[in-house]
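Below is one structure; the comments refer to it alone.
Labels run A, B and C following the written order; every chain starts at residue 1.
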């Protein structure tokens, strides 16, 4: 070995390790200095590939928009609107649970905050719904601050149980206060506006399609950017994330508040759609069902979560009258999924795209790659 | 407010605190040993209540309908049953995930809670069942405050169980193993302690205590339903946090503090705010002193 | 022993002080892991911190990087007091580290792991990400290119889209170093980077350490592989029972009686042999592994 100052290789030149690897005859087939190896040949779970395909999203949106022309019965519109709102909640909770790995068991609280803020402001003061939205966001953020502020500093399991308590606090408070209408709740919540010839429920439905579509897109894109990566770093290893300069408290907080805003906005849609809201709609069962959609679909995977939400929200329509059995099976399913397939039915894919060119080809399924 | 009333509030608080304490002990034990928040713990309490209900309904004649002796026998059987359920739960649901990320285990615990609740709902129906046992209205008078015999009896049972547990943890080999595992499970494995066995035993004991609380709650309130464990699970956790989670004497202390707080809070704000008050206090406590009254500050090691 | 010739010239010692540790003490309950430790690291210097198991090396690292709060003492980095600051703030100032037991983001891709190091430098906010603004595209592109460059630098090969937990161990070590380098640190703390590596990988690591040093980054190494330590270090700090017992060039350390005593105890024939081996292991060919410590906790 000679003087290291003189013998230095340029940063871009692979040396040492590579030679060492050659010596060992490493089985890994890779390319050095070429960036990402395109993974076009990898096999992927067909369902994952289908729902992960960009075109799939557009097809779903087109179908959603077209629904009233296909079947405009009040029943179809109602359950579809319900399902869409449920999707919104699921992708919101996915930010908290899926991306950041924080268990929120009282997510319905933010849903309630949104619904009540919007409902009370619009019925008591006669405000148009759109005007209530900024207040809903503020209220949701405040709720997030109160719960997240102290709890996110602690071990993550504390958050789970505190949010569980928070869910109860919100529901009981709504039940006890006068201006929230007590056990009767708030009724006579107005529509988004007058849409002339269109049926009110269909107009609402379309607005919900647009809002939820944007929400899904936003949450999916957020997950891929700088903040989204930071969420995943925190989920994987908080200490390592801190060591890289990531302020984990702030990052967790951002996830929690983002989730709160999604929940609050979902509440606005719910209030308008239902026209009447009351405390029992926001119980733990509801929070647990949203969690179920996220877990079954695949934590961190937007398409998976959307599909999970659709299944969970439409299942009651298919299996009427068997509620207790259904929940019993859900509970067992949660355990089974966590033990045997923790990544969910449609897992998240590392979603690595090559630096240059389109992304369609290059999406890879790391789970598959590894097996 | 006169002294009698204050004393009555204290007694009420102590009584409720005794229930919370029994459930909080199991919460705290499990957390201390494997750092798991067992969300299903409250539902074990509910199972205890239903086990008691079933035995009383089936064997009402044979047992002589609600005598103290019958109740004690039922209490013991229910404890064994719920203890076994806890043990099985750990084996089936939690053990396969011992090295999994914490989130997976928490979600599994939620699933277990769900499964227990709705399993009972399927078996017994969703409507409340009336406990076929009633206590007389006999009461002792303590400086003008009223404590029924039933309350007194239950508090004594709870106290006995707590003292028994404390002796067990401090005096026996098993108890020593539990304490050792809560310090360092890896080292215990190296020392030849059968960690799996100790964890099973912990679940058994914790669940049995919750089951005992369930039977007594059923008998006292006269009504059981499949969601009755939800709130008490939360309260027990709150108690465990107040006392310092993982610390057993702390859990009991926390339960008493919470019982008293609730008792006085209810007197001041009205019973409809009782739960809000308790959970609000939980959040406050986590903000101000997350390690609890008796908890030590632990540096999280890298 | 040509490799240490440079440090003996002493030119590097005149570089400004980058890290100044003064009277650092850490106690856990009754155990004092680090007891009044003081040492300096100069800009661009390569130093090793060695010592028997439980000497407090990792604890000292954890204090410097903010993971433990020191019981007493002061740590200055770049003339700023970082004592007891949050790890993220210290990292943002230009301290990067690796962990004794790999701490990668297991379920994330290799590239994402390296991007973590760049987090504080990526110029992009949440709205850019939602709206896919040109700034978003540009910063993501840059991040990917740079991550690839760092992976090339450490000689990582294999699928960079794969989940990092599925890579072979040696490869994971490399990714962890790439991640730390992507932080573009002024000082890099490596906690036993050679642990678990085979002969060839160690040789490659030595080469990598030199090239890291060439970037102008100060490197602080905790290592049990004496061959590697002797070969790469300009200076060595020796700890025992949380105290510094020696600080000097590899030559000085090798002949320091206190060091030999600390490692091997006295009057023990086998130990004497060991001492000989430590003393004579000067290149990677003759490295000798001290027993791998059970995690220093």
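One rule holds for everything that comes next: contacts are C-beta pairs under 8 Å (C-beta built on N, C-alpha and C of every residue); 3 or more make two chains touch, one makes a residue touch a chain.
These figures come from a predicted structure and were not determined experimentally.
Of all chain pairs, the one joined by the greatest number of contacting C-beta pairs is A-C. Taking the mean of all protein C-alpha atoms as the reference point, the chain centroid lying nearest to it belongs to A. For the pair chain A and chain B, the distance between C-alpha centroids works out to 34 Å. For the pair chain B and chain C, the distance between C-alpha centroids works out to 48 Å.
For the pair chain A and chain C, the distance between mean C-alpha positions equals 38 Å. Within chain C, residues 67, 99 each touch two or more of the remaining chains.
For chain B, the set of residues touching two or more other chains reads 302. The set of chain A residues that touch two or more partner chains comprises 239. Remark: chain B residues 35, 37, 39, 92-93, 96-97, 100-108, 110-119, 121-122, 126, 230-231, 234, 237-238, 241, 272-273, 275-276, 279-280, 282-283, 286-287, 290, 302 touch chain A in the complex. Considering their complex, residues 1-5, 7-9, 11-12, 14-21, 23-24, 26, 28-33, 35-37, 39, 217-218, 221-222, 224-230, 232-233, 236-237, 239-248, 254, 350, 352, 355, 362, 364, 366-367, 369-370 of chain A touch chain C.
Chain A makes touch with chain B in their complex at residues 97, 101, 103, 105, 146-147, 149-151, 153-154, 156-158, 160-162, 164-166, 168-169, 172-173, 175-176, 235, 239, 284, 288, 291, 295, 299, 324-325, 327-328, 330-335, 338-339, 342.
Partner chain A is touched in their complex by these residues of chain C: 2-3, 5-6, 65-67, 86-89, 91-92, 96-97, 99, 103-109, 111-112, 115-117, 119-120, 122, 124-126, 128-130, 132, 136, 139-141, 144-145, 148-149, 152-163, 165-168, 171, 174, 179-180, 183, 198, 200-201, 203-208, 210-211, 213-215, 231, 283.
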